[in-house]
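Note that chain A is present in both complexes that follow, paired respectively with chain B and with chain C.
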Partner chain A sequence: MRELFPAKQVWGFVLSLALTAAALLVYFFNMSRATGMTIFIVTAFIQAFVQLVVFMHARETDDSKSIFATLYYAIFIALITVFGTLLCMIWGWKY
Partner chain B sequence: MGYFAKFAVPHPSPAIYASMIAIVVTVFLIIFGLTYFKKWIYLWSEWITTVDHKKIGTMYLIAALLMLFRGGVDALMMRAQTAVPDNKLLDSQHYNEVFSAHGVIMIIFMAMPYIMAFMNIVVPLQIGARDVAFPRLNAVSFWLFFMGAMLFNISFVIGGSPDAGWTSYFPLADNEFSPSVGTNYYMIAIQIAGIGTLMTGINFITTILRMRAPGMTLMRMPMFTWSAFVTSIIIIFAFPVLTIALLMGTMDRLFETKFFAMTDGGMDMLWANLFWVWGHPEVYILILPAFGIFSEIIPTFSRRNIYGYKSMVISMVVISLYSFFVWTHHFFTMGQTAYVNSIFSITTMVIAVPTGIKIFNWLLTMWKGRIRFTVPMLYSIAFIPLFTIGGVTGVMLAMSAADYQYHNTMFLVAHFHNVIIPGVAFAVLAGSTYYWPKIFGFMLNERIGKWAFWFLTIGFSLAFFPMYITGLDGQARRMYTYSEASGYGLLNFVSFIGAAFMAISFVLIVYTIYYSIRHSPRHVGGDPWDARSLEWATHNPVPEYNFAIIPQVDSREPFWDAKYKRYELFKGDYKKIHMPNNSGVPFIMSALFFVFGFALVFSMWILAVISLIGIFICMAHRSFEIDHGHYISVEEIKETEVKMGGNHK
Partner chain C sequence: MKVDHSQPLEYSTEQNRLNILGFWVFLGAEIMLFGTLFTSYFTLVDRTGDGPTGAEIFEIFPVLMETFLLLTSSFVIGLGIHAMRLGKKKAMLTFFVITLLLGLGFLGFEIDEFMVYYHEGATLQTSAFTSMLFTTLGTHGAHVTLGFFWGLFIIIQVAKRGITPATANKSFIFSLYWHFLDVVWIFIFTFIYLEGMTRV
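Let's turn to the complex of A and B:
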């Protein structure tokens, strides 16, 4: 029975619904911009991770090592690009 | 008549009218020729619908040579205009259009497809595969590039050329300052070609990771395959930025959004930022495969294996990562604080280190080698010192404080031509000569090729070294003329002579091809250069299935070992071979992209919607299509192998 019931997938499904509901709160409740954005960003990243691991089977194949390596590489470059842009367009901007 | 007025060229000149006539005549001649020689079916079934990586590569090669011609003519016009002070050959508007077209065509529609040509032709052969991972997608890539290039190229006769530079900085590129449709062409044509490039990146990563012959571990891959792999990774991370930037620019121009506007919360310099987030990695996308080509040629003609294989690989991987950390060096003068500039100065200088490592490795490969001075080797030898000068001036530009002096002068122009011509252009010309027998089955004439090489090298030096001096003297780039009193006249005239030399070299290259088609002996065997890697282990030209038997790899230079150490590459018997089927859909879909792009350029919404629907139908067709490919039988393989003078079994 244990093997037949896709517990992990059901959990993943429930979790992703809960995360979506959490993000919806921002719409229904009146909160500051900063709080709202924080909730968005945090739930979005957890959501993406859940999808990758549970539904896209990122951990289950034998090439999972390279999948995660690519993922970290991508995140790293994205962070550099975003923060580098902020650095030269806003924080380090003189005029 | 009113409806068609928008297709008129806003700044016509006799040269443009002459080009219109020339284009019409050429198209007519092509159609007539194809009909007269009954080649339509051949063209459709052998080329347009092909999914064969070798044929797609060949088409990239031909397209790149055509674009080299177009970009070269632009270059000659610019150098002719600036040859003497106060010249009136081109007015300022035309000069703007010409240098904008020149930059875009040379980078996006010449260098890129030329690199793609080699990736397509060489990589599957080097890893002992029968095709790329997604042959159909590969055809889509090519045709998207081709249609993007055609869309860009018709701009100067229909509606007007882009005139805001190849960098197309906002706010200049916005409707207010660039009212003609020219910049729409820029945004949309590059977008279409860029989507194709992105697909190529995905395709080659998968190919290289998944389709290597048994025994070929990552650290046994030939240098060119490594460079193609690293380049594909950069493509995947860099091109999406361009896609979005172009999309935002298109929205600004077509729908009056304000992403890059100076008002309403827009940020004009954000374009420059996004452009170079893509643009700097892009220059490495061009140079790494060029390095790869040199790394194939130098060992072959030195009769030695590449020195420092591991450090070559590591430095490429490091470059691919670093290339994302330096983009701000393109706008040191934009308005950031010295603190920000210092950070990017340092990252930029650091990137010269892995590049330097590679230079030393090539030198050490030649050290004590038995060098044969063939045309490809001449290009490779000239590349090393010339490229090094370009790298050194790059490091000069990287010092942000000093860059306030160099920025946007001819010094900068000299720098990037100094890295791109000896780096990329020499590499693809060397590669063309080197791989010509692989593609077409005969060699290019060496004697004429050497003349072309000398004309190009001397012409390059004459054309670009004077710019370092005029640049330091303050001659700004992109100025259509200068006064007598500035004193730039003499050196600019030298540049013009250099440009003329380079034009002669191009003519010689075309003549070599013509001469060799007529006079070169056929049947040169599989390995005319006494080379080392797997692409030479099969026949010339390569049969459809590449290798009758998939090679078994046991070292870094399996083919060399097979020749000289009696290593057995092809074990086992012939088996039937599974190959993908041809398809016309990639061409049709890309043609629809062309129509879609054209409709967007002129804001013809109904046509745009119709062609977009067509594009989606093509995609849906692919999703529901059942296509299992076809088999080549053992008898057929035997027949082909015997006909080709099979050197195995």
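Let's turn to the complex of A and C:
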């Protein structure tokens, strides 16, 4: 029975729950918007990384390099799209 | 078909290895799909018109339940893949069934949440904000629904044919898809719900 619950994955699960709880602190306590957004960004990206490495086994095989190249490329383009659009449509450029 | 016994079963042939890499490339495209949805959501989040804002309609309890159910299902399918690598078919199938039940629970809460929003006067046509909210949540929910049926067919195949290089490969790829849905949910939970509820 014990061999069915590998320590690495159990810890990954515990860590995910802890990070979710950490993000919830922003909801339950009054914080400035900057602090809140920082906690959101940090907890969300760490949790996504835990999923990729612990649960999706992204590091285990010889294809690891290709897998991370694909991932980083996709994340890079997605972030450029999100922040580029916000810059054009919402924030504007003050000079 | 050359079988390499030094690798887990799902990687044991050249074709299997390429199937998995190919699926990662597909997930890269999925990241971009949700990237564009988040882009539109962030751009339109303040365009609420006469309709409600996020802070007015979001409720913490159902959102927490959805998060917990999906997070746990992601953990359980990870245990399923671990059991598969140990060659324990019964344990693997049990974990896969639990995963899908948790997925159903998630969908139940999400459908209920959508109905509550509808009764509160937030529909797809209410405002730019509600349009993008339902489109983003709906796209994720549709992925979970698709994943439920995909998982169902995987379970039937493994039950019938046992753990072979082919079925192990399919199961592993399905587990990647399921974990990915949880990754997307983390971002929805944080940047749509929590951000919306703490917005002043």
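Going forward, the second predicted complex is superposed on the first by the 84 of 95 C-alpha atoms of A that agree within 3 Å, B and C clash if a C-alpha of one lies under 4 Å from a C-alpha of the other, contacts with A are read in each partner's own complex, and residues count from 1 in each chain.
Methods note: contacts are C-beta pairs under 8 Å (C-beta built on N, C-alpha and C of every residue); 3 or more make two chains touch, one makes a residue touch a chain.
Note that the coordinates shown come from a computational prediction; the quantities given were computed from them, not determined experimentally.
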*asked:* After the superposition on A, what does A:Thr85 contact: first (chain B), second (chain C), both or neither?
replied: both
*Applying the touch criterion given at the start, work out whether A:Gln51 contacts chain B, chain C, both or neither, answering first, second, both or neither.*
second
_Looking at A:Val42, would you say it contacts chain B, chain C, both, or neither? Reply first, second, both or neither._
neither
*Thinking of the overlay built on chain A, is A:Ala18 touched by chain B (first), by chain C (second), by both, or by neither?*
neither
_Between chain B and chain C, whom does A:Ile77 touch in the aligned arrangement: first, second, both, or neither?_
both
*asked:* Applying the document's definition of touching, compare chain B and chain C: which contacts more of chain A?
replied: C
_On the A-aligned overlay, A:Trp93 touches which partner chain: chain B = first, chain C = second, or both, or neither?_
first
*In the superposed arrangement, what residues of chain A touch both chain B and chain C?*
66, 73-74, 77, 81, 85, 89
*asked:* Could you list, by residue number, the parts of chain A that touch chain B in their complex?
replied: 66, 73-74, 77, 80-81, 84-85, 87-89, 91-95
*In the complex formed with chain A, which residues of chain B make contact?*
209, 237, 241, 267, 269-270, 273, 277, 321, 324-325, 327-328, 334-337, 339-340, 343-344
*Which residues, counting only chain A, touch chain C once they are in their complex?*
3-6, 9, 12-13, 16-17, 20, 23-24, 26-27, 31, 33, 36-37, 40, 43-44, 47-48, 51-52, 54-58, 61, 63, 66-67, 70-71, 73-75, 77-79, 81-82, 85-86, 89-90
_In the complex, chain C residues that touch chain A_ = 7, 11, 17, 20-21, 24-25, 27-29, 31-32, 34-36, 38-39, 42-43, 60, 64, 67, 71-72, 74-75, 77-79, 81-83, 86, 88, 91, 175-176, 179-180, 182-183, 186-187, 189-191, 194-195, 197-198, 200
